[in-house]
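Before anything else, here is the set of structures, which you'll find just below.
Shared between the two complexes below is subunit A, which has subunit B as its partner in the first and subunit C in the second.
Let's look at the complex of A and B:
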């Protein structure tokens, strides 16, 4: 124990704190950028899949295929595929870009499912009324259906996002500097695993727990106003 | 020339034929009541007219113009001429009564917002709801929602108004109100198709009664004929049954 405390003095050096802080920032960036881009893409896919908005069937099939495919690829495998796809294309990109792309692709497929479930929770008579009044599909979506869907879309999306923060640790496999990678490097430099991984454990918790709290409060706020 | 001419109309849900060889001619300003047992296709007929369900065959003409239900542009034009009050009201759940009434005129028809709101308030007052304009549909009774739906349809200033069971959830005083409104509109030349089993109401306002069964129009005639001297056994039996209630 005394040895651990003595080691902590050296572990939490200025240099190491900067390093961990940077890694923490990249974990946040990777999660948020991936989730954000993924959600927008996913919402687009869900809209593309909706027969009341898109009447062109091949577009719907494409969206369906995309979602079903990307939802079923394990994160690590997708990471490798994206990595080699960039290489094959001769694109010289950073490992961070590769990881962020992977997160976004994966998130888009799951978000598409969440958004689709939200849109489908709305009674078709809402679409009927909008259509009978000559509202276009996208107008009906924006003014009528989407505002009613959020309460179904948001809770699973938040849960998924928290899960994704944890999944970004897999990006350490291709050498992206994020929390898990930082811990591994520090561990290799001779610091004890307890300190290295104990520290990032606390940091992951500090990131995920507020997100969970936020999700819960959002759910509570959305629940009573059933339809609004 | 009839305002609305329906000729040999057929429509299906999936593989099930629902409307069969429906023929109907409606003059401008006429109020046509549609009656018939549950499942006879009354609501479906209104859905087909507004293009929510594509007909399999047949022809619909409005003021002599053939309606092309397969073209999006043509469909938009038709929908401008119709307004429908759905059997389940179909109010937008995320909007107040007032917003439900103003949304289409402002968003779709791009009319002046202040003017639309003034009209909407007047319409809601006409249907006895001036005290509920800020209420959401899930805070209103069925009858109140139905009246919002009527106001919403009227705000569109349709040529032809389609009303699906609008009197069923109203109390007697309001039936009188709504009836008055409907009569005024008819005298102004609006054409109406009303699905209603309210015998007194139908007798009072309808110029013509259509009896439907199994997706077909079985008998058409003035209210006196349909209710007092029906020509077909099917219609006679149905009228006997509803008169008993």
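Let's look at the complex of A and C:
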């Protein structure tokens, strides 16, 4: 333990802190970019899967297949598939793009489920009423269903994005400079593993815990009223 | 750069990969059982235990819920030897996954304990049930019905998480995929096949758990 404290002085040097800070920013950037794109894609998929909006059945089947497929592939395997698929396409992209694409693909499938749950929380009578007012599927979605369902959609999506922040640690496997990769590099430079990985555990905690608290408070505040 | 997909070169390895899938299922089962035991212990202590025992459990749950599993296992695998605790890669992965699953399962089972209503237990008492009988006939059927869907969900998630074991050199489904990749260099082919294995594996698990839930607990919710 004493050796660890003695080493901590050298470990928390100026350049190491800069390095860790940069890695921390990349973890945040990766999660945000991935979650943002993924959520938009997922919302699109959920809308595509809804029989009240899309009457063309093969399109709905495609959305179902997409969601069920990508929801069931582990992040690490998906990362490898995306990595080699970019290679196959001959696209010269950075590792960050590969990782962000993976996060977005994974997030889109899970957000699609969250959004679908939100859309299904609205009573079918509301769709009928909107139809009676001569609204089309998309208009009804925008003016009637979405204003009521977003409070069911947001809390689980927040909780899920915390999970994605944690999943980005796997992106270290292809060499994206984020927290886990930075810790591995520092460890290989000779700093003790307890210090390297302990530090990033704390950093991940500082990122995820407030997000989780926020998600919980949203869940309490946005709880839908019982009467609809 | 031209690359043509050649699935023919990897087909001889499909059986070897299936063996990895079997190991992944075992890994998930071990981690689930251990995590479930940890979760049951922690959740019942939170609910019935002494006040001083609560905050260490809360700290454990909050810490493990908010940090990545990969880094937790890294810590167990690389940092614990400094204090003289040497774990093999399989042991480190199982320990990490169990502790991580334990935190999630504590949260889930705590919700289950909270769903027991005092009136229910009192009603059983009024009908002359003994304590064991009231647990067996009133509390348990209720709590199992509430807990079964999130527990089975957690099992599916655990099956997918086992892929992390490959990073530590455990030869389960993903680990064996790495091996085949190193031998054949048919990367995209073998990794997409591995992805399909995971899809099939979790689909089978979902269907089986759905059947169990429907038969034993009368849960009508569709898993898809």
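We adopt the following convention: the second predicted complex is superposed on the first by the 223 of 228 C-alpha atoms of A that agree within 3 Å, B and C clash if a C-alpha of one lies under 4 Å from a C-alpha of the other, contacts with A are read in each partner's own complex, and residues count from 1 in each chain.
Rule of thumb we're sticking to: contacts are C-beta pairs under 8 Å (C-beta built on N, C-alpha and C of every residue); 3 or more make two chains touch, one makes a residue touch a chain.
Predicted, not measured: the structure shown is a model, and the values here were computed from it.
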Side-by-side fit of subunit B and subunit C on subunit A, or clash: fit
Included angle at subunit A between vectors to subunit C and subunit B, based on C-alpha centres and rounded to the nearest 10 degrees: 100
Touching partner for A:93 - first (subunit B), second (subunit C), both, neither: neither
Subunit B versus subunit C as contact partner of A:28, first or second or both or neither: neither
Which superposed partner A:139 touches (first subunit B, second subunit C, both, neither): first
Which superposed partner A:128 touches (first subunit B, second subunit C, both, neither): first
Touching partner for A:222 - first (subunit B), second (subunit C), both, neither: neither
Per-residue touch tally on subunit A - higher for subunit B or for subunit C: C
Smallest separation of CA atoms, subunit C relative to subunit B, angstrom: 21
Residues of subunit A that lie at the interface with subunit B and also at the interface with subunit C: none
Partner subunit A, residues of subunit B touching it in the complex: 47, 50, 52, 76, 79-80, 82-84, 86, 88, 90-95, 103-104, 107-108, 136-138, 156
Parts of subunit A lying in touch with subunit B, wherever the complex brings them together: 125-126, 128-135, 139, 143-144, 147-148, 226-228
Residues of subunit C defined as touching subunit A within the complex: 1, 3, 5, 62-63, 65-72, 74-75, 78-79, 81-82, 160-164, 166-167, 174, 177, 187-188, 191-192, 194-195, 198-199, 202-203, 224
Contact set on subunit A toward subunit C in their complex: 4, 68-69, 72-78, 80-81, 84-85, 87-88, 90, 162, 166-170, 172-173, 179-180, 183-184, 187, 192-194, 197-198, 200-201, 204-205, 208-209, 212
